[in-house]
């Protein structure tokens, strides 16, 4: 895991550096040791939160990665919010008016949405909104306009997935006995769906959202690259290209950590909506 | 004393239910769902062009012709235009299909086999083996799939073989997870208990009763994962790892084409459409398979 | 015929540990808690009780489908509870099981032929030709016919599936069959068909049944002796007729009285119990029934009652009978 | 009663979102955006494909880093932007005392951004910084021969070398930037790497990693007040995004336009393309370390005859390249005109036959990096196509950049590979590093030539040195060590009303620019 | 006719599933009088639940259709009411309790939240009034700690308690008719006894009618005043409860009773009805029970029997045809005495 194919020293030292100096660097950085030794060493340090220094900038890797965290969060969370805002109403409506034209279109949309690779969608959006219409910036960060395209790109897949899932969960819930009970108590349809069914569907949806955050974070890597968003993803890609593995590892580690934290939050939320867990 | 034999009514249904061959059932089911049919046709088409593609391409997909670079679609006999080296995009897309198909199928074969074995071991034997294996799975699952593939690919290097290995390393856990939970669920099924009660051996239960019942989830999961792998490969190749040029893969075609997004829209359009149609076909077929093979999920 | 002991269950226990998360203590569910009884060759012995009382677990623990926590299960002189897996497996040809849900207990991917062939193959009974003949004969006995052989379970109705389940259990010609709620999932009209079949088979093959059910009318109809279970324990054991005529334990009395009348004109004295069955994870102290018992005494709250024996092997675990006869008379007639 | 928890969830997330957005929106005030109509424009936004590795001087050899921080730090000596001649900056004059000693006289009255004075100590400190192992400077390898820097007087230094170091001035020019010793000592290198202090035309304002670097004019700059007051470097890795940002006026200039997009920019009313042949050269190495047909000189010569460089420049680079015939470019100090190989396929075939190869039976491998040099993979494939014409089959192997370098260094390359070199002004660096046995990125070795290289390198006499390299150039062409390709054309996309003259050394000095 | 709370006349319901249609209910007639308990008894698939759902207007809108017939509630046809109108009835004038107390309560809302629904919808009450009302009703159905239970979640209650909650949900608005669909099937015998007792009690107290749907004849015997026996989507027999148990006229009813173990001598072979209920697709002309009926003769297979009345005892069997009776006078063909 430690030594990426392609020796990093080659990428940082000047091309006219003599062989001795390259070897000296390799030794200094520990690349000349067997891989398993490097790996073990890394693990020991990583557990202590020490990923070593970036090969390129010679700064500690972890702060460099943490620096980009807000940007990635901003992108991922806004995309998440966007996709929830679109997909939940869409899925609910689609389930409620099952087999209607609306439902069919929504289903077709979700099937299509899951088949579109996000980076390609990003390219298309750049082509239309930046290259053709010149409406939105094609990349970089800064104003809210910079956020729109990457957010939409990143949200697209989740919208498709969440809509689909909301729809099927909702259909499931609508078939449940307790919905019939509520109906039998004379609860109006809107209230039935908005209050009763939705809260029940929310439980599986929260789980899915938490699980999908991995996909979302992974997608953020690609989206950040496509739109030059200054987040962890872009840093990771650059570091991969540069073979700057302390950063790669710190980044991957941080993403895994975020994922774990988010899963924890999801568990808490889950308990919040699901009293069966809350009250034991 | 003789045993009373109750009459059994022969309902029309039971008389009608002659044994149909599996193939006939498959197609009669398929014909009933147009989405499944579309998915199936796309997959057949894809398979066809990936096998026979090299003989049906109008141009050599690798041959650069600088006189004809960046021709828009439908000019000079180039259906989808040419790229920055004057290579025929249509031919390259046709040949790219093979890369996608090879990657999709091979990866699913490797990841599926390995993951299934792990899942079975974990689910059937449980105990500390299960604990260890599932801990590994959990840890790996906390890394986003695409990121993992990317990093693995960066470590072991690019190229067709290595991208398959990377995808398989990233992908087996899903199989392990799903198959394990299937096995666990199956273990609790009453018919398995019935087997124990009958005195079937443990190995017998595993091979004769659990494995056949795993066939359906494996098939469903595989068909759904192929789409994931194809898109993941395209993403990784797009990012400059994965399959390297001049080998035409849709992902690296997009990578090469993205610099021309302002001048030559067709470079980024058609490979993307190819990926999308492929993923769509595979997903539709996978959904259909799931709906047909897994009656419990059939409701939706 | 009924003097030969086929099965003895001694101090059988099955505890489940339920993890409550990392820091909380594990909860111990006493699904089966110190159960003792014997089954004679050729009889139908019933385990009756409400849901969660441990009757099914007892049945499964005897067959080692669930590993017992403690206790002995002596079948024809062999202690099953401590038998190595392989020996247990080969012993299974003598003891079979019929399940409640006839659909869930049949492998959906196997034809009826495969389902019925499997036990024969596993225990290497008969040669190949003989096996098929045997299966066809068995099918006829349970009321199905040869052309059903290549069908899959889902092509049958509930009653037919249960016949298949019974056929599978009987085809090895076992001595002993545990039937776990075999007719509960069936409609009344089909239920009677299956009960008839089981009675016929018993006569034909001299089977011994351990019949597990919550349906008192079925038990009254077809069993010889009954053990009443409550919260993992047996509270009363008696000959069927004796039990229904003269129940001793207050729980049994309540249970019998709760059965709805068979005819609208029938008047019935009811003991309506208070509340619900407590959780086996947290059983009440002393006699587990005491919080719901209309006759509970002080001693019931603290001390677990020992079995009291009445005539004809009728036993009941209740403190009421430790006292003298008069008081019992008083207490029971007061109800 | 609890409110619908979904609403709560969404609201809270929206809150986070708006918080984030405001945060970043606030930091990027509306500079650089449009407003092209206003005449009083005094800010400049330059797009780069990557962030600086660090902002501390004398550490990172990457050109992206160097180009940016040269606006903050001054060198002692610089090159003339057009001719490549040395021009004094913080050093007023320099002379060679003996083979091992150099004497530099420094400029007086220059102040660092923090008000500290520039003097001989700053120079000593900066060189010592490179040499100190603790700083892990990537420049160190080039400076190992420096033994000691002596402060002779406040504005005079003497540099002692352990062996003759004829190219020291070159090193000083290309590598050395002057840091403020007091500041670095005070805040430490980590902090100084984030907030640099130099004597340059621009002062540090803010650096957002992978996002932008903002500088402001140093009003007290010793060369005079810069006309451009606000300078921003923005990092946009994708070319298409850079182009889009440029076309939408977010960015005023960027370097390295793919040749196919030149037309697009030229056709834009607000934009122009500036072009200069750079000191970066591209070549096709004919690898003699690999035990194959290319060990044979005749085969190498045949390949030289078979590759039509003019066609490549025209067809692939759209004319954006300056053909070379030998290992050095015109810009090199030691350059002589060499007699190149004619494009002559017939000759090529006969040479191959002479060497004992039937062209049709020959299959060669050509490795190329992907996207490192203008059109590199395309060039490789075009070369493959040209060789195909004489019947030689070429398998193009595309490597990701890091892997490409490693393959060269580990001598895992097969027959041919494409590599670039530069900016190259000094003949020694090119020739020593690309044609000796031990040099990491070399692809050619010949005993006699190697001896000659070492001999020439040690020469101190300018003329002898020149002659030595001239001989070497001819010999290398004769031995057909490469198929020399071209000097890259540096292509800059520039706002039309920006006064900007591209430099041959790839540097982008905002001080030299102004708005019309 | 004002004493009939509910009257169902010739109700026919059709289900569509894709292209296939089925008719689970074919011409059902019955009524419920004020204050009485009507039992609807039959085996699974006989259409008793569909009937009850149709009365509640809870049939799935998209896949089902009332083909013909009417459902008169207080002499008003409600079978084709608009959803909005129906809502005013549900939980208010007609209420329903279901078989599965475990799944019929929404797991993510407290008992109080769920019980407040009918009051919110149908009565104008303040929050505290609603709460007090709920607590009162919870106490009425015999739940201890009503004040606490109101804030608890369903999973914190046992099955019997949940069924009590369901009953209180149905009681809240003092409905005129309560439909209980297999209310005790999922419960243990001792709990069943509790719930049946409770139902009897509240029916009297609240002066309402009860429509009890069950497969269990003994529950019918215990609870009902009048009984409707359904088989394969049709009412085959209807009678006052004692009359039915004393003199079942339809062979199906007879068979059903005879096959109860308690009606057979211990250890003897039980009576059983051979064969199985026909699938909806197999139902054609003739009596629906003909294929399993031991007394079936030609006419049974050819013609659908009409409802024959013997006083208030109605049965749909050709054997009750006076004309047929004449012919078979000398052969007493009731299996009750066989």
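A, B, C, D and E label the chains in the order they appear, each numbered from 1.
Note that a contact is a pair of C-beta atoms (placed from the backbone, for glycine too) under 8 Å apart; a residue touches a chain by one contact, two chains touch by 3 or more.
Predicted model only: the values in this text are computed from it and were never measured.
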item: For subunit C, the least number of touch steps when starting out from subunit A; value: 2
item: Fewest hops from subunit C to subunit E - one hop per pair of touching chains; value: 1
item: Greatest separation from subunit E - chain, by CA centre; value: D
item: A-D against A-B, pair bridged by the larger set of C-beta contacts; value: A-D
item: Centroid comparison with subunit C (C-alpha atoms), farthest chain; value: D
item: Rounded Å distance, subunit B centre to subunit D centre (Cα mean); value: 45
item: Centre distance in Å when subunit A and subunit E are each reduced to the mean of their C-alpha atoms; value: 53
item: Centre distance in Å when subunit D and subunit E are each reduced to the mean of their C-alpha atoms; value: 88
item: Centroid distance [mean C-alpha coordinates] between subunit C and subunit B, Å; value: 48
item: In subunit B, residues with contacts to at least two other chains; value: 4, 6-8, 13, 157, 240-241, 258, 261-262
item: Shared-contact residues (touching 2 or more other chains) in subunit E; value: 269, 272, 274, 276
item: Shared-contact residues (touching 2 or more other chains) in subunit C; value: 193, 196, 200
item: Residues on subunit D engaged by subunit B in the complex (per definition of touch); value: 238-240, 243-244, 247, 258, 260-261, 263-264, 315-316, 370-371, 377-378, 381-382, 384-385, 396-400, 403
item: Residues of subunit E touching subunit C in the complex; value: 43-44, 158-161, 188-194, 196-197, 215-219, 221-222, 224, 241-242, 245, 255-256, 259-264, 266-267, 269-274, 276
item: Parts of subunit C lying in touch with subunit B, wherever the complex brings them together; value: 60, 63, 65, 85, 89-93, 96-97, 99, 101, 104-110, 118-119, 122-123, 140-141, 143-145, 150-151, 155, 160, 165, 168, 172, 193, 196-197, 200-201, 203-204
item: Subunit A partner contacts - residues on subunit E that touch it in the complex; value: 56, 58, 62, 83-84, 87-92, 95-96, 98, 100, 103-110, 114, 117-118, 121-122, 152-153, 155-156, 166, 169-170
item: In the complex with subunit D, residue positions of subunit A that touch it; value: 4-8, 10-19, 21-22, 28, 56-59, 64, 67-68, 70-71, 73-74, 77-78, 80-81, 84-85, 88, 126, 130-131, 134, 137-144, 147, 194-195, 198-199, 202, 225-228, 230-231, 234-235, 238, 241-243, 269, 272-273
